[in-house]
Structure formats: C-alpha cells, structure tokens
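First the structure, in the form of structure tokens, and then the observations on it.
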Amino acid sequence: MKKFINDPKNLTRELLEGFAIAHSDVVTVKSEKIVCRAQAKSTDKVAIVTLGGAGHEPALSGFVGTGMLDYSVVGDIFAAPGPPKVFEALRMANRKAGILFVVLNHAGDVMSANMAAEMADKEGIPYKMILTHEDIAPGADAPAEDRRGLVGCIPLYKIAGAAAEAGKSLDEVYAIAQRFNENMATLAVAMNTATHPASGQKIFELAEDEMEIGMGQHGEAGTGPSKIMTADQTADVMLTRLLLAIKAKAGDRVMLLINGSGATTLMEMFIVLRACKMILDAKGITLSVARCGEFLTVQEMAGFQMFAAKMDDELLRYWNAPCNTPSLTIG
Amino acid sequence: MSDVINYAGLCSMLHGATAQIRANHEMLSRLDAATGDGDHGTTILRAMEAVSKTATEHTGTDAKSLLAAVGWAVMSCDGGSTGPLLGSFFTGMSDASDGVDEWNSAKLASVIESGVAKMAKQSRAKVGDKTMMDAFLPAVDALKAADRALAPKAALQQAAAAAAQGAEATKAMRAKFGRARNLGDRVIGHPDPGAVSISLILKGFSEGL
Amino acid sequence: MKKFINDPKNLTRELLEGFAIAHSDVVTVKSEKIVCRAQAKSTDKVAIVTLGGAGHEPALSGFVGTGMLDYSVVGDIFAAPGPPKVFEALRMANRKAGILFVVLNHAGDVMSANMAAEMADKEGIPYKMILTHEDIAPGADAPAEDRRGLVGCIPLYKIAGAAAEAGKSLDEVYAIAQRFNENMATLAVAMNTATHPASGQKIFELAEDEMEIGMGQHGEAGTGPSKIMTADQTADVMLTRLLLAIKAKAGDRVMLLINGSGATTLMEMFIVLRACKMILDAKGITLSVARCGEFLTVQEMAGFQMFAAKMDDELLRYWNAPCNTPSLTIG
Amino acid sequence: MSDVINYAGLCSMLHGATAQIRANHEMLSRLDAATGDGDHGTTILRAMEAVSKTATEHTGTDAKSLLAAVGWAVMSCDGGSTGPLLGSFFTGMSDASDGVDEWNSAKLASVIESGVAKMAKQSRAKVGDKTMMDAFLPAVDALKAADRALAPKAALQQAAAAAAQGAEATKAMRAKFGRARNLGDRVIGHPDPGAVSISLILKGFSEGL
C-alpha cells in the first residue's frame, strides 16, 4: 500500500502522538484516545464533546481548542470508539453547566454514544445530545437514520463552541446548534477511490470516466456512478440540490464549504466555489461565508463534500467569533 | 455430559467461542469484503480475544461479574458497531445471571435470551434484515423450545444449528443495516459475516463444554 | 482526466477568482494575475514580493496577507509568469522603504525575475532579490543553480514578513531572511504521480512498490526510485540528511515542516513527524517549531517535502509573530 | 528577389515564422513529451501567435518599435522559460534595428546576432547543451559568413539550414539546461524541441520573404 505508515495496528496511536507534537500549545491527548484542550475551558461554561473514527484527519480532533471542541474521542480507522472511552470523556467533561454531546449519524457512533449516554444518565451527568445527519444523498426528506453525518459537524462545533464560550446555558447552546443543524445540508462527490490504511484495500471502485455523487465517507455507495462532468456542471447539480434542501431563496444568506476529501486540489475547490458564487448571484442569494479546504477527509479519496447552511445574524456572529484550533483559526 | 454449567464451564464456553473465531477470522473478513469493508474478521477476533483475556484474568468466581467484565472489555475494543453489539450481548447475559451459579438448560436459555434482548435494543434489526440477529434470534427460539431435560451442551448444539441455518438464510437477503445496506441487491448471494460469526460463537460455546 | 475543472485554458484565472471569493477579507487580485492584500501595508514598511507558477495551491498566493507577502505574481500551471507581469507587481510595490523580492530557483522563475529586475533598475525601484534553493536532493553542497527552491520559501516569507511588519529596513529584512535561507534545507519524497491539469498527462511514473526521494515539484527526477519504506524508515533517511545539511547538533533548536504534496494524508504526516521527534530527542536537538500540512502542493501527487531549519531567538520571534493569510494564521 | 527587407517585409517574415509553428506545434509537443513535460508546442505556439497579433495590430512603421512590442508580447505569455528567452531574442533584434529601416543581408545578420546575444544572456547555454542555442548560434555564424551580395531571403535560407543541422545534432546530446537535464542519458536519441522550434522559425523567416 502506498502510504507512509508503520504497523497498521498502531495507526491511531501514532497519528495522535504526532498530532500532539505538532499542536502541543493547543491540545493534549489523555488516556490514549481522548483529545482535549491544553488549557481547559472554565467549568462554568458548557463543554462540547464529540466522537468518531480516525482516518478523516484533520477531523474530528483538529477542531479541539478555544472556541470549538473541548473533548474529541477517537476510535480506530473508520470505526467508532467504544462506549467506555466515550463515557470516560463525558466524565472528564462533567460540570454543572452541562455538556453538548455532538454525534454524527453513523451506526457505530450512534450505538457507542447511546450506551455512553445511558452510563452518564446513571451518574447524573448533565448533557444534551445532538445528532448531525445532513447528508441529502438519499433525498432531503429521507428518514433521519438514512442521512449520514458528514462535514456539517465541524461548522456546528464552531457555532456551538462560540455560544458556549459566550457563556450561554446548555439549553441555549443546544437551541442554537439545533437551529443550525436543521438549516444545513451536505452532498458529497467522489472521483477516485481511497485505500483503507489498515486493510490496504480500495474502499470502492470507479471507472476512469466516472464520478459518483452522494458517495459516503467510507465508500458507502451514493446515487450511482455518472460520467465525469466539468466543475461548473458539478457545482450546478450539487448546489441546486443543496439550496432546495435548505429552502434558500433570494435575499437569504448562506454559508458554503467546499471540503476536499484528500486528493482533490485546492485549485479545483476554488474553481468549484467560483461556479457556486455565479449560481448564487443569479439567484440573488448572498454568500456570507465561503471556505475551501480539507476539514473532513477520506484518506486520499478524490472528491469533495459541498456543504450549505442558511445563516442569520446570530449564527454569523458565532461563526465569526474567534477560535484557535489546530485546523481552524479565526482571529 | 454434565447437566449444569458452573463458573469453570462458563469460562471454557467463552474460550471455545474464541477458538472458533481464531480459526475462521480470515474467512469472515473475506465475507465482509463482499458485503462491507472487509474488516469484520479482524474486529470480531479482537473482540473475542478480549473475551478470553478477561475470562483468564478475571478474579472472582461468579458468572455475573465475569460476564459484566467481558461485556465491558468487548465494548472497549473500538470495533465500530460490533463492539457495542457484542458487548451488550455479554452485558445482558450478566444482567440475567444473578445469584444462581450453576446453570441448567432453562437458566442458560434465559441468560442468553437476556443477552440477545439487550443487544436487540442497540441493533433494532429483525430476522430478515441480514445482520447478527438472523443468527441470534433463531438460536434463542431453539434454546427456549429445547427439551428441558436436555443437557446445556446439547441445547447449545441445537441453538448453534439454528443459528447456522439463520446465517445461511441471509444469503437470500438484502441488508437493512450496516454498510451492506448501501449495496442493495449486490449483496444477494453473500451470507452476512456478522450472522456467520454469531453461529460460530454459539458452536464454540457448545464445543467448549 | 479526473479533476473538477472547466476549460484547461482558464485554470489560473478561474482558480484565482475562486480564491478571491473565499478570501475577499484578506486578498484581492489585480490585473488578472497579481495577488495582493485587501488592505495594503503602510508604504514606510518593506514590501515582500514573490512570483511562481500556479498548480501548487495554496502556494504561493495563499500566503499573501498581514505578516507575510504583499504581492504574489502568478503564472500558468507549473510555468513562471512573464517578466512584464512581474515588473508590474514591482511597480505596484514600489516604495522608498524598498522591496524584498523572493525568487524560487527554477529556470523560468529566475529568468522572469532577472528581466523584471533589470526593468526595475531602469526605473530606480529599490529592491533586494533573495533566491531560495534549499533542495538537497543533488547533495547539500551541489552548486546553487542545481538546488531547486521548494517549500522553504514559505517560512521565509513568514520570517521576512514579520521583520518588515516590525519596521526593519530593507537591509535588515534581507539580512534576516538570508540568514534563515542559509540555515534551511528541504528534501522531497514522492510515492504516486500527479496529473498535469492542462495536458492531462502524468508528470512521472513510479512502480507499485516504489517511492522516490528527491523528486522535484514538477516531476523532475530525484535520486532514483527505491522500494517503499515505512514512515519511520523514511523519516530516518530524510531527516538524517537534512540535519547534516543544516549542521544541526545537540543543543540546537530546529523548525520542521512536513509539507504534504497533495494525496498524502495528514494522518501520514503526523506519523512521520512523530518519527522525526524521536530522532531529534535521541540527538538532543530541540524541536522548536513543528507543522504538518499542505503548504506547497504538486496537484494530487502522493508524497511530502520535509523541511528543516536551524533557529535562533530572533528567527523564532519572527516565526511566532502574528500573521493572517488565507493559508497560515498565527494569532 | 528583393535585396532589402523593409517594414512590410519584416512583418511577413514574422508571419512566416508563425505559420511554421502553427503547422508543427503538435509535433513539437510530442518531442517535448520525450525530453520534458510535453507542452513546448503549446507554449511556442502561444508565443508566436502573440508575435503575429502584434505585427498585425502595431501602429507605426519602424522595425525598432515593432520588434520591441513583439518582444514584450512574447514575454507576456507566461511561457515558463520560453517566454523570457524568445522575448529577449526579439527585444535584442529591436535594440540593433535603430535608424535603418531597410535591411540588407549585413544589417539582417547584425540584427539577428544582437537578438541571439540578448537571449544568450538569459540562456547561458552553449552549443552542445541541447537547447535553442544549438539552433541559434550556428544560424548566426551562417548569416555572418554569408556572401554579402546574397539577398536576405537566401541568407536566411542558409541560416535556417544551419539551424536545422544544429537541431538534428541535439539528438546525440545530453541536456545541460531545462527539464531535460534531469533525464540524463534518457534524452539521447531525441532532438531538443526548442532547437527544432528555432530552426522552424528561421525557415519561416525566409519563406515569409
């Protein structure tokens, strides 16, 4: 397999050690797989906790730090951490102010989160769980359990984190995060597969002239392969579906993220963003926040996730509030 | 053939299951490569090694605390959904194994039923959904239907047979849970790796005795 | 070709348009291919100007902004901008305080820079040119013209930019940048090729079990292919050569960058950094600055550039000084 | 066959060169694919189209200002090293074409020599280095050696022949400049695309007259 790794058994431990070396000023790793801030936030503020498998770097732990996450529980490559670790993190984060517990909708994550939550209930740890499932590949109105949690968790951490930093109560932080959650949508597209760094196997196959819209974060099939389109055509197909899903109309303000999956270049993301801007201008929708980059990757998969959210003054204020994390700094 | 299972018997039941998975994990990963992401053998082996390690190192001699420790160890494996699912199974067994430390077939049936019931809460899958439940649920029915005079080993043999049948039946199914779900018709003809694992675990239970 | 693009003829223009949309708060694009700050720096401070081909995003223009570059002149994909554009940028930057003109050692860039400099001389524009050529692939003591300018230009922009921001004179800024320039070294490794986004051709070939140390930024051959090594082995081979080149010994302080080339994951970069830290610890060398990420890419090439520099108090102070650019923010 | 080149003649010389590159750019890119990155045909075509566009649109009728404008246009093409190199050639021609607006063979020789001299400053390559200079330098020698009575067109034919020979000779060479340099022996047997371009440009000059 063409990767710079050592024994695949140690992938998560080794990558977290390197991560802690690169960002010792912002994060530390506790009890092997729990990433938390180097300087803990005051306990009279709501803590933000999340969990997820490794292999998606910089997600999720790259967003631990001032203004975003307090604790990120890391699993194995593409595999959720077990309930005991998650419970351990909830215990670390335990505080009167309470915990916003952000869970991405993937079978393993949800099971671990639910079981950890049961344990937290037994100990009377105050928390509220929020489930992200903004993938619109199965259709914007498909049942929630069919809609995966994709890159949308990251701007949600940012907005919830800023509200918590501002001293909002758990109910308030939850309400703000939930409003954002209900107004966001993501659609992914893949052009080339990735190699599972533990098994060495390709996670899916695509023909030389094909791409697939709706491809998930672990090679879960999307809406089926199609012929490769230009950047402008791809942006049009995807953004049109996203704007419909979030019911954006003339005069609305939206946030767009073009999240590279790994092998897709910033050059391409900029070209796609340019196409999106033209579409938004034509519809009279304001692009209030636009970002291109790698937030949640799928190893060296070629493709991207296009994320759109309807914004309001409060959400924009929290998005623009300062944060300092390994992979997102807003000054 | 002893007609009760004591603490030592429980331990060898568990080791028997691990032995089955050790012998078959590569085949299980190959099955997962067809319907999922090719790692099930690795994950379930990691889980069962944790089971045996716990059984070997556990201090104390009561089934309840051992099975609780086993459940916790399995859940700690970071095995995607397999950890929580199998972990709940053992935790559920622990819940039902209070007091009584010598299980006859009836008690065994109720203990395993309780384990499967706990797992079902996380699973939400029914027979026909192409998951571990396609092996577990028929096994529970077999245990409950088994002649009460039957020794535990024999009862487990019947359960394992029912589980194997259930796993075989998953070949014809489309998956309603897990990664296989996204593959639609493409998984028809392939057995569900998780269901096969469960049938092997039950086979191992009986052979351990 | 598996890329999200439109007509290859418009690659540079379109990507710069998208770039300006994503970062309108920090940068603007003037006369099609000159990227400069949205808010210009006061003209009594030294300006930092550079040039280079596109296709290496976020380099070079991603580092225009407070504390780093003032002007970046962009060429075509992998091709230097012509002398007239470069001269135009020197004119825009013209000021009594003078210009630090940073040029990477690649044939086209050097020719354009030299001819633009001649034109600047004719107009009496005050500047000093600094040439980066820190590649040690041909050997640390190979003639300067054989040693390419790789990712090292970027930390150099940061340090020179901070000195300029601090109000240092052109001679002082030049001296500081030159000291850093003489104490830095880079070695690249490639594991998989990339596709030229204009021609659609692979820029080189490597067998399934091979990697190549010393591979350049445009597929220029390195020290020949070798069998794939583990992350720890690769780090050992590369870091040993780099430490020798910068003559780092016990007690010294170094900066390390692991610069991903495109398809290599942050996961791998962290694992490589971890290996480097162990090597440095064993040698008693202090890791004062460590960064993993994509600073200068080669489209979707798999591989990375390992950068090492010997640091002192002043260089560290300038590295740690605040900057705010699209692709590097230090708060 | 006119024995001087006036402004109109100069323009058709330039258009003649562009015509040659238009007809051969795909072949030139194929050559560059063997020794470089496969884009030379595209780059040199972009440069020569800029030459013809400038010649067509130029207002004024003196060689000096036209060639200065042509040099500037070529350098503005963002053509890696080709832009600065070819641009300096035309700029150097402009430098030497002061006053006199009707070139005889001697004047033509000195104008082209000045162009090559200016380019040589950027190039730093000598004959044998497998670059454009392997075509240009023999061409200059041919022009200087040419019988002064010879009409410019005939002189250019001899120069073009010398350049073509020089380009042919690059097949045997290892490259000391450009991307081909990194390929060492692997470029032996392949002619240098830049040298071939220059021989085509000189051929086009003579055919333009």
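Each chain carries a letter (A, B, C and D) given by its place in the written order, and its residues are counted from 1.
By our rule, a contact is a pair of C-beta atoms (placed from the backbone, for glycine too) under 8 Å apart; a residue touches a chain by one contact, two chains touch by 3 or more.
Quick caveat: nothing in here was measured; it's all calculated off a predicted structure.
Q: Find the geometric centre of each of chain A and chain B from their Cα atoms only, then give the gap between the two centres in Å, rounded to an integer.
A: 34
Q: Between chain A and chain D, tell me the centre distance in angstrom, where each centre is the average of that chain's C-alpha atoms.
A: About 56 Å, centre to centre.
Q: Just the number, please: Cα centre separation of chain A and chain C in whole Å.
A: Centres of chain A and chain C (C-alpha means) sit 29 Å apart.
Q: Please classify the inter-chain touch graph. Allowed labels: line, ring, star, complete, other.
A: Topology of touching chains reads as a line.
Q: Identify every two-chain combination in which the chains touch.
A: According to the stated criterion, the contacting chain pairs are A-B, A-C, C-D.
Q: Given the complex with chain A, which residues does chain B contribute to the contact?
A: 29, 33, 37-39, 42-43, 72, 75-81, 83-85, 87-88, 122, 177-179, 182-184
Q: Tell me, which parts of chain A touch chain B in their complex?
A: 33, 53, 75-76, 78-85, 107-108, 111-112, 114-115, 196, 198-199, 201, 203, 216, 218-221
Q: Which stretch or stretches of chain C touch chain A in the complex?
A: It is residues 2-6, 11, 14-19, 21-22, 54-55, 57-58, 62, 191-192, 197, 208, 211, 228, 230-232, 234, 262-274, 277, 287, 290-292, 294, 297, 299-300, 302, 304, 322, 324, 329, 331 of chain C that touch chain A.
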